[in-house]
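Each in structure tokens, the structures are laid out below.
Presented sequentially are two complexes of subunit A, the first with subunit B as partner and the second with subunit C.
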Partner chain A sequence: MAVANPLNTPIPSEPNFKPRSLRAHRLLLLPVSLAVMLLVWQSAIWINGFPAFILPPPARVWQRMIIALSDGTLLRHTAITLSESLGGLAVGLAVAAALGYLLARSRTVERLLAPYIVASQSVPVVAIAPLLIIWFGSGLTSKVLICALIVFFPVLINVIVGVRSVEPDLRDLMRTLRANRWQLFFHLELPAAMPMLLGGLKIGATLSVIGAVVGEFVGPNNGLGSLITAARNQFDTALVFVAVIALIAIAMGMYGTVALLEKILLAWKD
Partner chain B sequence: MRKLLTLIFTAALAVACAGSPTPAPTAAPLTHVKLAMGYIPDIQFAPFYVAEAKGYFAEQGIEIEFVTMFENDAVPLVGANELQFANVSAEQIIQARAQGLPVVYVMKWWEQYPVAIASKAELGIKTPADLAGRKVGLPGLYGASYIGWQALLNAEGLPDDAAQLESIGFTQAEAISAGTVDAAVVYANNEPVKLAAAGEQLNVIVVADYAQLASNGLVTNEQTIKFHPELVKGMITAALKGLADTIANPDEAVQLSLKHIDPAPDAAIARKVLDASIEMWKTDSPGVSDKARWEVTHAVLLDMGLITSPIDLEQAFTNEFVKP
Partner chain C sequence: MTPVLSIQHASLVYPNGNGGLLALDNLSFDVAPGEFVCVIGPSGCGKSSMLKLFSGLRRPTEGQIIFEGEPLVHPRRRIGVVFQKANLMPWRTVLQNITLPLELERVPGEAAMSRARELVELVGLAGFENARPRDLSGGMEQRVAIARALVHRPDVLLLDEPFGSLDALTRERMHLELLRIWDRYRKTVIMVTHSISEAILLADRVIVLTARPGRLRADLPIRLPRPRTLEQVFTPEFGALVTQVRAAIE
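This part shows the complex of A and B:
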């Protein structure tokens, strides 16, 4: 809330100075925390005397990353995992959004399907992943399906909560204005559900990467999961770390993209 | 007061007994040893189960504990001396040494490399040449299956792209049955036996018939060899006695092994798997590694790029503890 300046005097410069200083401090937070993490990592090696095959030092991981980047290994596998994650996220989002809307709008459909949907969540994806590989082959389809299965539930729940969060009064108002079903959906339900939908999408974006890796562990053709498997098999622990860092980068990138999307799509709220 | 006197008397008696110069004789304490075995308890580990059940480890002063994990998890633990022993395949040791892990293969267990290519009999895949242009499933482009496959291609002079490889994880039996692949890289003593028991007619190409690779055996680390050679010798002595007994009496071996396997497998199928395994264990030189096989394995790994430079094989394995 804005505070009036009763004396109509110039606002002292301190408040202007403070935010700039805070901004500078905040900009420093990430590099400082990163440096602390690297120091803790290196110290663990110095103190415990871990050999490189148990815990490789940061410098060794960096060197291995340069090699994996220069020979194309890292980019090739990263691109595959990224495409599986995005594909799974898209499929999971589409199915969860459609089904979530139906469940939110119809108690009958909810009573019919909810027990099965909840029960399906108690099945570990890693247990059914080999079956998906058998049924759909070890290519992109099975990996996308595994990602979609993991993404599905959090997005579904958020869509249901979002659609149900619409104020009944607003719905009544739209009806009195003779809004048809599509107008109700596009002008009321969709904007109202959007914050929750995007919240679910943020969770789904990170889970989708996990789904891709689960699929690649079970049917390791390509991708960062198979790179980890191969590197572990060759006792190249530094390469395992490189692949894990790439996975973190993908997850952070996808999360950041959704956060940006959220900022753009929900700008009207501010 | 009476209670106090009783307490003082009891305490005095306890102190007197503690200071007694003639303690009861006790047996030498056993050395607790954890032995890592691949993935899950299985009838294929029968020689070790038999050695435990018959007290062969205890005879050597060893209290054995079996732990199961993936081979590629066990090897770094042995390298770091967190574990002292593991059953591991030879190619893992070469790759581990290439990365600086101080692991040493001290006892050959499997005489033959157990990897094979299985396919439905109706497809007529009887020789490696018949695999040309076929879709072949394997767990992934790593591990014993991939190395066995490549060794087979090398031995027969077939190009790397002779067949279309597909990574199918550990679903080989299902993939062969469902026909999603023409053939799959399997363990000769496992999937073909179970598929045959389920009524499938199969052709099996055993890699060992074409290429002689070093196979599974007992592994320890340089530290244990240096500071506890008697422990290494004891483990090998017990394991080889268990192996000999298993080969001599498979029925007894199945009975002694079943208590280690949960859930208990079908005893008839377990016996068939054991029989197939025994055929691959039989040897004239129990425990003794053949340098020529290690050299072939080393060459295959170099050729595949799984190691980038040669290693000193003399440090990767030793026959020091299995000399007659």
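This part shows the complex of A and C:
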């Protein structure tokens, strides 16, 4: 007997029905927008006649990048900024997740700590950064701490919202099944809060790169922030551009990794 | 026969800053092993609160619940609960949702899987083992919830208006399925409902509660022959029982 959708099988979501040509167009979108951007950049120089130390043309930035790549400066500084960002993200995430869980589960802890946490956010990280440099030197530790500070708050808020979003009925279900504390966390709270946690991590990943640059500006030693400072002092504007592009690459790479993680861990959502 | 569950002089007060809201008032009755009891009453009569007491999720303000001769002070694995909503975990597949109680009891994977497959079959969801809850209809979700409540073989099953959100046809199918399951395992069932015909079709006994606060209004035995069928709804005996229950509610 022919019945429409007899087994209540899920109907494939809309994108699968999109014609092939449309998807091909979407693939072209990025290269086209890049080309347009480069054209606007170059035209600005042609029209206004900016000297290279104000706005270097794309070709010059490209040449500078090749040089910075071949003599190893770019990779060395990029690696340092990347490790500061990753380290800060890890520390910030760990502290925010643990504290966020406690705050979400206990009103007492929330009343005790919330004022301090909110107060800490009213001070810009740039204002605290010099202190951290004084205390921990201009090495890796202070930079990681600056990144962690900037990552901490958005992740914390997302963890609290995530843990609080667990449905009370599901908690009741776990209680009727006599789940212990650890089982409750592992089987219910963690998976239920995962979408919010990963959302926080996405924001944190990009903020962490900003933290690293702030740290390197305040306590220049190594890394892309220091490279920018040095290049600016030498009017090597092309190198400033190269460093900025490297920063964008780091941020996009970290964001992309979290997005990929999201795709794998939250496959049940869509 | 000694009752498996009894509620004794139980009162329940919800604190509301205004002396509290009395949800249940001095409620007492016994449930015999293997009995199918339906509890019915106007909305807001504390039916769901009563079920919370039987599940051990909440303790009465006064009085007590006795489970197998001992006061019930916390939830028990041997008392299974099906909630109004299916309460499935969206990140788990149908099969994984059903094995949840066994995982929490650390039943080895092999044994858990075969038991869950058996129940998938029983509730008519064969072929949907790996589907996610979002791909299921309301009726299918509720069947998964029933399978999950049965998988660890509890002695008592508490059902809180489990079919309330389903359409009439699905509801009828679920009634027959529940009767079939009950016939096979003969568990003690306490089911809260607001449908008179549902209560009479399923139960050995219908307990009627009054509007807020919930008090025992009537305790009516249903002596219709088993196995029950949907056709019984049209018999004069059934009609007489409906009249009787309706009179008790009003």
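Just so it is clear, the second predicted complex is superposed on the first by the 251 of 270 C-alpha atoms of A that agree within 3 Å, B and C clash if a C-alpha of one lies under 4 Å from a C-alpha of the other, contacts with A are read in each partner's own complex, and residues count from 1 in each chain.
Keep in mind that, in the parts below, a contact is a pair of C-beta atoms (placed from the backbone, for glycine too) under 8 Å apart; a residue touches a chain by one contact, two chains touch by 3 or more.
Worth saying up front: this structure is predicted, and the values here are computed from it rather than measured.
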{"item": "Superposed partners subunit B and subunit C on subunit A - clash or fit", "value": "fit"}
{"item": "Subunit B versus subunit C as contact partner of A:D236, first or second or both or neither", "value": "first"}
{"item": "Arrangement angle, subunit B at one end, subunit C at the other, subunit A at the vertex (C-alpha, nearest 10°)", "value": "150"}
{"item": "Which of subunit B and subunit C A:L188 touches, first, second, both or neither", "value": "second"}
{"item": "Partner chain in contact with A:G253 - subunit B first, subunit C second, else both or neither", "value": "neither"}
{"item": "Touching partner for A:W268 - first (subunit B), second (subunit C), both, neither", "value": "second"}
{"item": "Contacts of A:L173 with subunit B and subunit C, given as first, second, both or neither", "value": "second"}
{"item": "Overlay on chain A, subunit C to subunit B nearest C-alpha distance, Å", "value": "50"}
{"item": "Residues on subunit A engaged by subunit C in the complex (per definition of touch)", "value": "7-10, 167, 169-170, 172-179, 183, 187-188, 191-192, 194, 268-269"}
{"item": "Subunit A - residues contacting subunit B, complex", "value": "50-54, 130, 133-134, 137-138, 217-221, 226, 229-230, 232-237"}
{"item": "Of subunit B, residues touching subunit A in the complex", "value": "72-73, 75-76, 79-80, 92, 95-96, 98-101, 139-143, 166-171, 174-175, 178, 180, 306-307"}
{"item": "Subunit C - residues contacting subunit A, complex", "value": "55-57, 75-77, 79-81, 83, 85, 87, 89-92, 100-101, 103-104, 127, 131-132, 134-137, 140, 152"}
